[in-house]
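Below: a set of structures, written as structure tokens.
Shared between the two complexes below is chain A, which has chain B as its partner in the first and chain C in the second.
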Partner chain A sequence: MPPLLKVIVRRTLLGLLTLLLVSIVVFAATQALPSDTARAILGREATPERLTALREQLGLNRPAIVQYGSWLGGVATGDLGDSLVAKQPVTALISGRVRNSAALVLVAALISVPLALFLGSLSGLLRDRGFDTVVSLGSLTLAALPEFVVGILLILLLATQVFHIFPAVTLLDPQVSVFAQLKILVLPSLTLVLAVAPYIVRTLRASMIEVLESDYIQMARLKGMSERTVLGRHALPNAVVPAIQVIALNLAWLAGGVVVVEYLFNYPGIGSALMDAVSTRDLPVIQAITLLIAGLYVIFNLVADILTILVSPRLRTGLQ
Partner chain B sequence: MSPERKKGPQALHGPGLELSEEVIGPGFENVSAPRAQGDKRRSEWVQLARDAIGYRRTKIGLVLVLFVAVLAIFGPLLAPNTPYEFTGLPYAQPGGDALLGTDHLGRDVLSRVLHGGRSVLLLAFAATAIGGFLGVTFGLVAGYTRDAVDDTVMRLLDVVLAFPQIVLVLLFVSILGPKVWLIVLIVGLTHSPRIARVTRGATLEVRERDFIKAAEALGVSRMRIAVGEILPTITSPLLVEFGLRLTYSIGLIAALSFLGFGLQPPAADWGLMINENRIGLIVQPYAVFVPVALIAILTIGTNLVTDGMARAMIGIERDTGAA
Partner chain C sequence: MSTIALTVRDLRVELDPSGIEIDDEVSFELEAGEVLGLVGESASGKTTAATALLNFQRRGARIAGGSVNVAGSDVFELGKSQLRHLRGGEISYVPQDPGSALNPALRIGTQLREVLEEHGFGSSDAERRERVEEMMAEVLLPSDREFLRRYPHQLSGGQQQRVVLAMAFACRPKVIVLDEPTTGLDVTTQAHVLSTLRDLAKAHGVAAVYVTHDLAVVAELADRIAVMYAGRIVERGPSHDLFNGASHPYTRGLLAAIPVIEGRRALQGIPGYAPRPGRRPPGCAFQPRCSYAVDRCETEMPPETSVSPTHLVRCWRAVEIGAIVSVASDTNESALVGGGQEALLQVKNLTAWYGTREILHDVDITLRARECLAVVGESGSGKTTLSRCIAGLHAFKMTGDIEFQGAPLARHARSRPVPIRRSIQYVFQNPYSSLHPRKTIAQILRQPLDIFFDLDRTQREERLAELLELVSLEGSLLRRYPDQLSGGERQRVAIARALAADPIVLVCDEVTSWLDVSVQASIVELLVRLQQEIGLCMLFVTHNLALIRSIAFEVAVMSEGRVVEYGPTDQVLADPQASYTRSLLADTPTIKGVLSGG
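And then the complex of A and B:
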């Protein structure tokens, strides 16, 4: 097997192993903790008969390993069990939510990634000038702020106290696609953009500065290449490579970051579904959503790892 | 090897906690000197602090952090009312006795703001300290032992990394209930892989240096080398990492309170206040805006100080050519 393929296969297998361990953590936290799951769900006032019935329903009388096996088997075949509260299949319950969250994350990613790449590389190029100072301090400040703080400040600024442009709370018409109701997406996705972009900006600025100081850029300039070729063909592509990992990390973070933002804006996605499920202790829903979010993280990271290997000549050739 | 590792946690306990407390304020001078070569390393600390303070952003950050910390710590002494008594109608406008108006139940917002900062500060520090202690322990063990142990520890920590921090907290809270100790513990746990990566990376570099080889040749136990020789050498990157984790801890702890999983009503807590009063945002914005602004000032402050330390560290590295 060629070395490059070998590395990719190895990484993929490790990713699958991590996914398997992740599923064990999710299962163990919800169903195999030493606490009495049935009592946790039903509360203190539950009668013994109801407890017995629920244990039966959840299969809690079986050994943990058997429970895990049947749960994982279900996950693999797309059967995530039935919601304890809504009494219907989890997949049916959350599929619409997944679509809504995906729309939110997609919009946030499509805005933040190009914007951050542009601001970061320009900032690195104009190092220590006015533009760079503003971008650097701005990204340092924004990176410090928790996303719900950003969200509330945006609500105060754009939806209530100063301007009244956008709705502060989501009233989504479930019959119509989210993309047809763009105004609702603005504040939540803007919050996510402001939460994610600063990290990408800072990474790209640093790597741009490093690349511009490198020998091969000096060489290219000495050879008399136009500044445009130097930047476009040599500096930028190399500066973006370290940012790939950071972008993947941040996209993965978005999948979890939606929890607080969706709760704040009352946006009907997986984040608010998770919050609802936690407050009603709807175990199958909690398991499904946490597994989905963690799974996305593993997959994003895996793709970023492989992409980094493929696009950086040093890594690619270093393997041979 | 195994009895040494068992002793690990106790022996590391002191430094782990000290490090994260150092990030709080300017008290770098009173760092207890590590056993061997104490003076030399002490001067490294002092130099990092001195260089960091040279940046304007560090000074601004320190002022911001001190402002919020003083307000949070001494606030309860200055509060005109207890945080629980009703002083007016719900969502009363600022004016008269209530400088910032009243909250959704008619309690004085100013008094609740002055009482509500201690919990945020305390819980965030506790979570960072736990994360620091666990992370440094895992990182030193993984970085200084090789192969199998290293692989296993880092692989297991990768699993923790796969969960966004807030999701892992929710996962455990959903079964064990919204308990404050649980939240602090899990937030600390979710920090540990990130701190462990930094510790491991720094340890890997130091491990090959001559003074470590010399200590190994002299037959000093690996435990003592890890804690007595390696740990004092990698304090600079760890300090920066702790600053970063502290910033995130504040945000996470406040966010969890905001989601309703932190302190429970009627407690006065900034995150909880934001949640309780956000329905009245249009009528009485101060009950939300003031706690939000204080959390923002605090995290911006800790992040500026951290960035100043990071810059100072890079400067020191360039000067001495060392890691």
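And then the complex of A and C:
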């Protein structure tokens, strides 16, 4: 087996192990939630008999370990169980929401990553000049603000108080693709971009500065290389390496961080689905969504590690 | 007919933005095919001057005046694209550490080819490929596809330096600037790189500026020498004149500090250390360390004056000093004693592993009371592992016996009884990392005293004063932190810390390799004195064969984990038996050849 493939297989198996551990924690956490599902469904007026009957029906009176076992068995075969509240399969319930969130995250990632790479490397290149000062100050300020504050400021600026360009709340037409309703995507994705980009900008700026001070850049300049070659061939490929991990962490954060932003804009994605599920104690839905987010973390990190190996000759050739 | 390839006039480089001088009034010229040795210790401004020849400065420094003329064009007057054409085309640069100067993300073939492409060398890819092959052949490296597709980390240090040399010669430049290109290389590799360089420079008529801290390295290579101190050239002239008629006290000091392999000579260090930019005294910067200094030196900077038409010296007393017998040929015997002492520490059949790899094979050595045994070897020879085994610091598997005073030594220092641990002390290679940065010198030295001895306050302070005196440090240093000390002072503190335990055996692991030559000499002086005054037994580990004659009575030469030759130093150096020792001797740079009548 080629060494790289071996690494991928090993890391994938480790990733699966991580997910298994996550599933245990998630299941234990849902069990520990106060109140119970039957009461949440039937309301306060419910008689003890009806509560018992419903628990029996939903399988909630089985021992926790048995419930976990049957849930895990289902997950392994692609069956996430049925929503306790909506009485329909979780997969059907959240698939639309997943698509909406994916669209949001995708748009945010496609804008923030290239933008941050560009701003970060330019800022490192123009270290201590006006542009760098502005970018550094700006990114530090944004990094310090929680994303819901950024979101509210954007709403005030672009939706309600100053300009009235974009809608403040999301009224998605479920019949049409999200991408056909781009105007709705603008504010939530802009919020995510502003939340994620600063970290990438700062990492890239720092690593660009380090690379530009390195002996091999001095050497490239003393060899008479054009500035374009110095930057494009010698500096950037080395500067991006440390940023890969940060980008991956931020993309993974996007998948989870979307919860707050979706709530803020009332965007029908997995974030709001998760909030609803928590309030109604819809355990299968909570479990499915948290596991999904955890899975994204694992995947992004795996991809980042492999990419890092691929772009660092020392790691790539050092594989056993 | 000779042509001037490089002219430097009154070069001045300053710290930016403070305007404090790094280099000033640096002037010299060089003919095609000549090699200039630009010699200076740390803080002399030699590297700054070297990159200034290509109109380049790192952040924080700026070229503030003077002119550099390469092949007819004034380097400082060129526009950006002209300058780019000049760099790598007309004048090229070989950096100190090829490991960090080659881009880790690019294959060496790419890095070689791009120089040719950028400078428009050759008219087709085929022609450039041919040139790459030619260059690789000249530096004695393979040029097959597989080799050129390697990344820098897949080459050895010597191979990396050869690749950089090939790169520097690629476009057939007029001038090449080399900044300590062999530092960090083993002597064998260094000798190969030096001879390659010499051949290339002569064959292509290239003028080379070779920057180094070690006069011995350039002794056989350079046609001319310029010695720098505190940002100025203090003496320059033809190599022969300089080695035989050194007229600046600093040059003389440097020569006296060079270990000479042929004769056992007591090394003489220069007291003090070179001042950094901004800390340089008025008048002659060398005056505080100079034994010839007169009142005038404290106030007036001496101009360059000629003691012969080609030999210029920056010293008020140059003529007088030049007339004194040359120091370099002066071989006052050092008074090393030894032989016949009882065995104190014996290593028998020692085999040691690093992880799963066996790196020491069946090593036997004996340390005798009050004597010094030198262990000499190149990197990877196992010399440091041997010393760590003796000190009880080896963390991996080992077999064999180490006996101390007739009783077997426990493997790990931790399991040795306190008196034994106290008896064997260790001085580490790098004084910049071996002292706790957040403790004062007093705290550092008190620690072993508190661990090993039950002293009251007065006794302890007395012992501290005694230790400082033993290593020739001033009492005022006690309140300072390690980063406020020079490298030589730090190494003295490290030695004092070892001596605080009142040891019987002192293991010195490459203790001078991080220090300037003049400072190295004074540390060796100190160690020799300690041997004589307090009868220390010493294991002196080094890669520098030339050093051992000044310090060790016996020597063990190591190669690939084995002792290949073992005997009295004089005998081993005069009549080496192992072929490895012979080649090591032949590759060690020496100033002997350039001394007339030496």
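Throughout what follows, the second predicted complex is superposed on the first by the 285 of 320 C-alpha atoms of A that agree within 3 Å, B and C clash if a C-alpha of one lies under 4 Å from a C-alpha of the other, contacts with A are read in each partner's own complex, and residues count from 1 in each chain.
Methods note: contacts are C-beta pairs under 8 Å (C-beta built on N, C-alpha and C of every residue); 3 or more make two chains touch, one makes a residue touch a chain.
Given the structure is predicted, the values throughout are model-derived calculations rather than measurements.
The superposition on chain A brings chain B alongside chain C with room for both.
The vertex angle at chain A, taken between the C-alpha centres of chain B and chain C once both structures are aligned on chain A, is 70 degrees to the nearest 10.
Judged by the touch definition given at the top, the superposed model places A:Q218 against chain C, while chain B stays out of reach.
Legend: residue contacts after superposition of the two complexes on their common chain; A:V311 is shown touching chain C, with no touch to chain B. After overlaying the two complexes on the shared chain, residue contacts for A:Q245 are found with neither chain B nor chain C.
When chain A is checked against chain B and against chain C, the one touching more of its residues turns out to be B.
In the superposed pair of complexes, A:T52 makes contact with neither chain B nor chain C.
With both structures placed on the common chain, the touch criterion links A:R233 to chain C but leaves chain B unconnected. Here chain B and chain C sit at a least CA-CA distance of 6 Å once the structures share a frame through chain A.
On the side of chain A, the complex with chain B involves touching residues 14, 17-18, 21-22, 25-26, 29-30, 33, 35, 37, 40, 137, 140-141, 143-149, 152-153, 155-156, 160-161, 168, 252-253, 255-257, 259-260, 263-264, 274-275, 277-278, 281, 283, 286, 290, 293-294, 297-298. Within the complex formed with chain C, the chain A residues making contact are 213-216, 218-226, 229, 233-234, 237-238, 311-314, 317.
Per the touch definition, chain B reaches chain A in the complex via residues 57, 155-156, 158-159, 161-167, 170-177, 247, 250-252, 254-255, 258-259, 274, 278, 281-282, 285, 288-289, 292, 295-296, 299-300, 302-304, 307. Of all residues in chain C, those touching chain A in their complex are 51, 54, 56, 58-59, 83-89, 92-93, 95, 97, 100-107, 114-115, 118-119, 151, 153-154, 164, 167.
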